[in-house]
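What follows is a set of notes on a single structure, which appears directly below.
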Amino acid sequence: MQIKIFSCGGTIDKVYFDANSDFSVGEPQVKTVFADANVAFEFQIESLMQKDSLEMTVQDRQLLRDRIVMDDASQILVTHGTDTMTMTAEFLLGIPNKVIVLTGSMTPARFRVTDAVFNIGCAVGALQSKPAGVYITMNGRVFMAGNVRKNRERHCFEEIVASE
Amino acid sequence: MQIKIFSCGGTIDKVYFDANSDFSVGEPQVKTVFADANVAFEFQIESLMQKDSLEMTVQDRQLLRDRIVMDDASQILVTHGTDTMTMTAEFLLGIPNKVIVLTGSMTPARFRVTDAVFNIGCAVGALQSKPAGVYITMNGRVFMAGNVRKNRERHCFEEIVASE
Amino acid sequence: MQIKIFSCGGTIDKVYFDANSDFSVGEPQVKTVFADANVAFEFQIESLMQKDSLEMTVQDRQLLRDRIVMDDASQILVTHGTDTMTMTAEFLLGIPNKVIVLTGSMTPARFRVTDAVFNIGCAVGALQSKPAGVYITMNGRVFMAGNVRKNRERHCFEEIVASE
Amino acid sequence: MQIKIFSCGGTIDKVYFDANSDFSVGEPQVKTVFADANVAFEFQIESLMQKDSLEMTVQDRQLLRDRIVMDDASQILVTHGTDTMTMTAEFLLGIPNKVIVLTGSMTPARFRVTDAVFNIGCAVGALQSKPAGVYITMNGRVFMAGNVRKNRERHCFEEIVASE
């Protein structure tokens, strides 16, 4: 079992820089999360971009898609900002023979209280269990790409109900 | 989606009591983990027993099995000590129409660095993704009950290789 | 023994708001720090302002000084942003019969790894031990107001050496 | 400014060993606390013993006293279990020309919520501010050796009131 992780930035990787009293996207936090959890599978982490997800362009999404398609691993974890995570998930639809799970967090992984560790764990659990396809794990749920949205008022992800 | 959690004690729930300078099994930590992760599904937590898993008896395992069978929920999460988690998992084999995932941790959930949050996340991800059956999620892996052991020297769970 | 705390904002109180993917100054974190440490003295916390310290004006400093002078407590703790902490400390010089200690942090108190808890502890230790005067506790040091500067390159506070 | 730290074990240094599902006294945690707080003074940490303080003997206390007397540093921090911290503090009375502060914690330093970091900060603040003598910093208070006891029911340290 081998997992390839592409990190795209977002809240999950935000660090605080005293120099400018501001937060910016830093190194992929998934590495620390895996180390603390003492994971027993092989993995490779690649930092594709360090962006707020609102700044992601079509070119960025195409780059991510190309890299996933070309990668040998069949289990792909993407860490991503929450604001456009659903857009990127839909952009990845149709890649054959791979389980692709996107996750991120509402609060930076470096916080004492954060949803990042749980979300990454949830993604890793889904990655080994789901058939090929594109999924989002947020708020302890495993959503199908194309059937999920971020509810900004309630600060959580939810299914798109059919009748809407 | 509704998840029923049965907590059985173990390292994951260990707290420190200054009165006797010792650690004992305390309240189910899964509640705090779910709150911090802001999970968006319904769940019910029931503390079945607060034991080191080395002290679990056949009666304890029968009680757990009976309660799972009788429960309305089809997604069952069991938090459990690591030393006999594989025995309990095998004891639960054969329960129809339910996805049952056991998890726990090597380090108490209350530690600043712990595998508990990640493991519970991983279990929740598997719970929604796997077909009916009994599984263990530890060290970021989703194992089939009956095909996994705790490697005490390496402090991690691993598959039982067929040829052994 | 009673301590009065005036919080003025700064990095120590920064929280993350998912709504605008940004950090802002939030509630005084000193309350949580005191609760976690199970402090056994009486205290009163008052949030005077929630600002980055670069935005503090002469009026803000005058307000702080006036409130300290009028307060009954003789032990005053001020939590403050680090960028202009030394300026505010000097502004408070000359207040009689009170021990005044300013502190803050380079990393928000809500981070898993932070200097905030240690710094507040250090300030509380100095507050009970020093003669009347104005002090800054940062990086584990207790500095006299007027004899300390923030070294932005080294990310720490240091004494102003006489010969300079 | 240089601080010498003698660690004697106690709750503050407790770690969890999965091998025997038990907590034991481990490496001095003060090192990690100082690193996280980015302290800007010189220090030397020496692990004298790794004991529950209930197991400390007269010989242990004599060893600690001898090592403090012989040490060049005039600022001495002792981390110690809480149950007999007051006894050790009294044993150290009379050492001339040194500020000696004992501290520890009710909850291990490795917990996510702990009093350890605050207590060490408080000790470091007192160490630089007090005249020569022996002190205990617990629960945010700076006590004189000989005038303090652990109140086991209330889980905190308190002054011995004169009339008792």
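Labels A, B, C and D are assigned to the chains in the order they are written; within every chain, residues are numbered from 1.
Please note the rule applied: a residue touches a chain if its C-beta (ideal position, glycine included) is under 8 Å from a C-beta of that chain, and two chains touch if they have at least 3 such contacts.
This structure is a prediction, so every number in the text was calculated from the model and none was measured.
Colleague: Which chains sit in contact with both members of the pair chain B and chain D?
Modeller: Common neighbours, chain B/chain D: none found.
Colleague: Enter the angle, 0 to 180° in steps of 5, of the rotation superposing CA atoms of chain A on those of chain C.
Modeller: That pair's rotation angle lands at 180 degrees.
Colleague: Would you mind checking which chain's C-alpha centre is most distant from the centre of chain C?
Modeller: Max centre-to-centre separation from chain C belongs to B.
Colleague: How many angstrom between the C-alpha centroids of chain C and chain A?
Modeller: Those two chain centres are 37 Å apart.
Colleague: What is the distance, in whole Å, between the centres of chain A and chain B, each centre taken as the mean of its C-alpha atoms?
Modeller: 25
Colleague: Quick one: report the Å distance separating chain A from chain D, using the average Cα coordinate of each chain.
Modeller: From the centre of chain A to the centre of chain D is 44 Å.
Colleague: At least two partner chains per residue is the criterion; list those residues in chain A.
Modeller: 106, 112-114, 155, in rising order.
Colleague: Can you identify all of the chain pairs that touch?
Modeller: Those chain pairs which touch are A-B, A-C, B-D, C-D.
Colleague: Can you check the complex and tell me which residues of chain C touch chain A?
Modeller: 11, 14, 16, 18-19, 21-23, 52, 54, 81-83, 106-108, 110-114, 152, 155
Colleague: What part of chain B is in contact with chain A in the complex they form?
Modeller: Answer in residue numbers: 1, 33-34, 36-41, 106, 112-115, 117-130, 137, 139-142, 155-158.
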